[in-house]
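One chain, chain A, links the two complexes that follow: it is found with chain B in the first and with chain C in the second.
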Partner chain A sequence: MDGTFSQLVMLGSSGMLLTALIVLWRKGIPAYVTAYRWQAWLLAAITGTVAYYGRDPRLYWVAALLLALKGAAIPALLGTMQRRFGAQREATPYVNTETSLVIASLLVLFAYVLARPWMAVTDLPTRQGLPLALGLLFVSLFIVVSRKKAITQVIGFLMLENAIALLAAVGTRGVPLLVELGVFLDALMGFLVMQIFVYHIHETFNTIDVEELARLRH
Partner chain B sequence: MVNVSLTLLLMPPLLATCVAILARPSRPVVGWMSVIASSVSFAASIALCVAVVPAEPPADPAATLWRVDALSALLALCIAFVALLASVFGPALGRAESENASQTRQFHIFSNAFALAMLAAVTVQNVALMWVAIEATTITSAMVIPLNRTKASVEASWKYILICSVGIALAFAGTVLAYFDFVATAGEVPGALNWTVLREAARALHPQLLQPAFAFIVIGYGTKAGLAPMHTWLPDAHSEAPSPISAMMSGVLLAVAMYAIARWKAVVDASVDPSFTNGLLIGFGLLSMTIGAFSLVVQRHYKRMLAYSSVEHIGLVSIGLALGPLGTFAALLHVVNHAVAKSMSFLLAGRILRRYGTTEIAKVTGLLKVLPWTGALFAVGVLALVGLPPFGLFVSEFLLVRAAIVTGRLWVAAAVLVLLLTVFISLINHLNRMLYGDAPAGVAIGERRGWSAAAFAVSVAVLIVLGVTLPRPIATLIDLSVRGLIP
Partner chain C sequence: MSRYIALFVQPLLALALAPALVGFIRWLKARLQSRRGAPVWQPYSEIRKLFGKEAVVSHTASWLFRATPFVVFGTGVIVASLAPIVIVPAGPLVVGDVFAAVYLLLLGTFFLALAGLDTGSPFGGMGASREMTVVALTEPTVALSIVALALNAGSTNFSQIVSRTLAEPSAALGPGHLLAFAALFIVTLAETGRLPVDNPSTHLELTMIHEAMILEYSGPYLALIEWAAALKLLVFLALAANLFMPWGIALSLSPVAVTVGVVSLVSKLGVLAVAIAVLETRVAKLRLFRVPELLSASFVLALLAVMSTFLVR
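Entry: the complex of A and B
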């Protein structure tokens, strides 16, 4: 039974990492929103799997919240935002697609190296997900720093949050519920504020290219 | 006693936030409500400090959500003091930076929520909930930055929310990684994320896991604290925010992030050899001081000047935390001194900006003629910030250098002294250019004195008292905090 469990978690975590790679590889913003939606669904599915095999009814609630908030509400808001700005493309990122993919693979490799001490001390059936979660964390961080559109940076940040939620689900079977709720609240508020700020940028600069944000120096 | 004070500490800003949300459109009475709420909160923080000095540990560390020890009380005191000053100098009381009613309303909502989040961050037990509260400080303070919607403020707010949210997310990853080790070693225990429980258990945890977890935590909270090289958002956000919010961000928010690092350092030190955490903190601290000092030399805007001075001071605090008991004592005393001096300087910078309409140092001349009271007090603030006696920062910087020498880190002491000298020269140079000379054309000369000067007299008095004698209550409180961190 543990075999199926760890394979399911492994499959889900790899899927989440793949959705992050889609952002590095495609150029259209709508594709990013779809990738994010898939990633959130996978995250909810993994949390549900951990709940089922770990017999932890609390995690079902977390999975349901994840599905509602990150799987439905946030992608819907991202969609609205993306339609408001018209066809936006990540045409010339700071790092081009090929290099980005190479860097992403190096980051995943680094995540495997970094996760080794953790893998050594635990015999959790979910431990295979740990390096993938760290890999997703580094790749999302790379998305934030290497892409120019404010909306892509927001998606990178949201993926970073997913990576940490995955880390908590596979590493510790979730953090205590009160903390989980606090993190959800912060994630939602943080996203809403970022959304407001992206609209501010669009109104003031007539673009959502953060390259234009270069007035403040030294 | 502790419970009552804690309620009185946290409820007033919560109520003030709710009142500000409900009062639509904003009325002057909301501003006065904020002042009353912050005063109650400040009084409660003093009561807390008195209550924690006998220092009896809580009966059951796992059971309670809130915990106040000397360190929490010390930080709460600083936060409540700066929040009170900020509410007194907020819009709608003085004729402040924004006249617009909806801006005033937003200011009151978010500044009170911001104060509440900081107070919650230092009094909550659970380190993950502490993270939640610190992330809430980012969200609430970011909303206030673009109240005056200019290109610069929009840019500053975007950098702030993005860099700090990403940074703080890394701190949460570090928290989860440390918790992972805890769960793998001890199993699922109620209250496992409570600081006291975590610290008790830390001896049994794996050093090879806590080291990378701590690296995540220092980078994460260090971003929020403005440690270089993660400080890039800081000068923008602190210079573009309305002055009362700059005062709160620079005076105490940075200290709250350092508080989180200090708490985690105490946990990690129980398992890993302290030279690991000390090395990291000294490295980040010296880098921050260097970048702060040299950015000050080339600085052309006075609000950014104060912001870079914060980078430099937070570097000092970080170094102090790594220098054993005496260094930690100096660092905490420095937090108190910096909170008082920096909040005062930022609020006065707001008044200078209102009169001159520019943030450029070169365009502000004859400050002592144009605004005699504000100018003189601003000079006092900057002189305190460069560490001149008889102000408190001199004492804490002196103790810090001594701690470096006592612990045998002579090169740290030498580097700190050279950097402090650089800061001294450049800040005095900038200050000179602002204070003297003729008033620029079109700037009205003279200011009405009034209650506002009296409020800053309190800050100046505190700085001088802390610089001349270290009053016993404060010394005891800091001493207890140090003993809480270093057993």
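Entry: the complex of A and C
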């Protein structure tokens, strides 16, 4: 029973990590939005699994909220954003694709090393997801710093938020509904503020390439 | 004694099935692109036709050129006898493990590249240099995904890996297993010259890799190389299927077990062939400069697979 539980959680966590790697690998913004949607669904599935095996019915609510907000609403908003800017591609990121993939794998390795003492002291059945969640955290931070388009950076930030939620799901036996609600609101507010910023960047500079921000216009 | 029979019968079966696999993928692709498509047994007729033709060899070609088809075909047959295709070759008789199989196939590729350079035609050299680029990038992935499998089983022996997965089915759902499978699948596409990396259905294009190397071959030589290429595809797919999902494979030589083994092999190959045909219909060939990105992605998958099996103990 615990074996299946930890396998499922580990599977879902590695799936979430893979969606972050897809963002590093692909170049089109629609692919990023799809990757984010998949990640949110996996996160909801993991939360549902934790609720089922941990016998915590309130976590089902959290999973449903995750599915509605991160799995449907935010991807839809991202899609609108992407359509408004037209076909913008992450053509020349600061770090090229091959190097960023290798760096991402090193970051995951680092996460494994970092999570080792933590995994040694805890006896949670979900502890094998800890290094993967930490790895997702580092990889999404790396997406934020290594990509040039503002919308990719926003997606990186949202993935960072997902990573923290995953860490909470696997590092504890789920977070109380009230705390989750607060985090949801914060994430949504943060996203809306960032959306307004991106629109302004686009209006002022006619591009969402953050490199252009160094150029004085006014 | 029975093990010897298994070792001799298995490559014969693989040789017999290989052209049908290629023909099936081609037919399915044609249907998916709403063409009628050649029948599944078309590759058999092609091979028979090529065996009946005269071989034309360039004056500048050395013995390497003539030896290569036999090396390529021979290594393919040896690997087909070592690998768990229908029967798991258990016991102390078998010398080969995963490393032997993979590097025997690599030996064939190496000779093919040499033969491509041998005649001095510009196409051959181009194909050889590209093939070496791709192979150099796939090798780390192959080695790492093997290590991921071997770490799970505690051995690089085929029968140990297979029996370990059979004994512990939940391990097959583990991320190490799945990631290594994904990595090996991408590598299979690259090594057998399938679509995102190489286009198997073109003969004269500047982007070709495998076809460019074998452009100078004709007649029986070409038949051997084509057959060996089909065999390589079958062996890679059978390895991917049986190392990761070994259910149905024959553990003994009883008629029932062998029949189940053949049926399960054919159905697994069918599923993978459908996956390849759908993939090849959906994606376009990658530009040569984007191939390293795909292969480094598969490398990262394999590395993650090793990490999740090695560091979480």
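In this text, the second predicted complex is superposed on the first by the 214 of 218 C-alpha atoms of A that agree within 3 Å, B and C clash if a C-alpha of one lies under 4 Å from a C-alpha of the other, contacts with A are read in each partner's own complex, and residues count from 1 in each chain.
To be clear about the criterion, a residue touches a chain if its C-beta (ideal position, glycine included) is under 8 Å from a C-beta of that chain, and two chains touch if they have at least 3 such contacts.
Not measured: the values here are computed from a predicted model.
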Superposed partners chain B and chain C on chain A - clash or fit: fit
Chain B versus chain C as contact partner of A:80, first or second or both or neither: neither
From chain A, separation angle of chain B and chain C (C-alpha centres, steps of 10 degrees): 150
Partner chain in contact with A:150 - chain B first, chain C second, else both or neither: first
Touching partner for A:186 - first (chain B), second (chain C), both, neither: first
Touched partner set for A:168, first chain B, second chain C, both or neither: first
First (chain B), second (chain C), both or neither touched by A:210: first
Minimum C-alpha spacing, chains overlaid - chain B and chain C, in Å: 18
Intersection of chain A interface sets (partners chain B, chain C): none
Interface residues, chain C side, partner chain A - complex: 170, 173-175, 178-179, 292-293, 296-297, 299-301, 303-304, 307-308, 311-312
Residue numbers on chain B that touch chain A, as the complex places them: 126, 128-129, 132, 135-136, 138-139, 142-143, 146, 149-152, 154-159, 161-162, 165-166, 169-170, 172-173, 176-177, 179-181, 183-185, 188, 192-193, 206, 208-209, 212, 235-236, 239-240, 295, 298-300, 304
Residues of chain A touching chain C in the complex: 3-4, 7-8, 10-11, 13-14, 17-18, 21, 25, 97-98, 101-102, 104-105, 108-109, 112-113, 116, 119, 128, 131-132
Sites on chain A touched by chain B in the complex: 114, 117-118, 121-122, 124, 137, 141, 144, 150, 153, 157, 160-161, 163-164, 167-168, 171-173, 175-176, 178-179, 182-183, 185-186, 189-190, 193-194, 196-197, 200-201, 203-205, 210, 213-216, 218
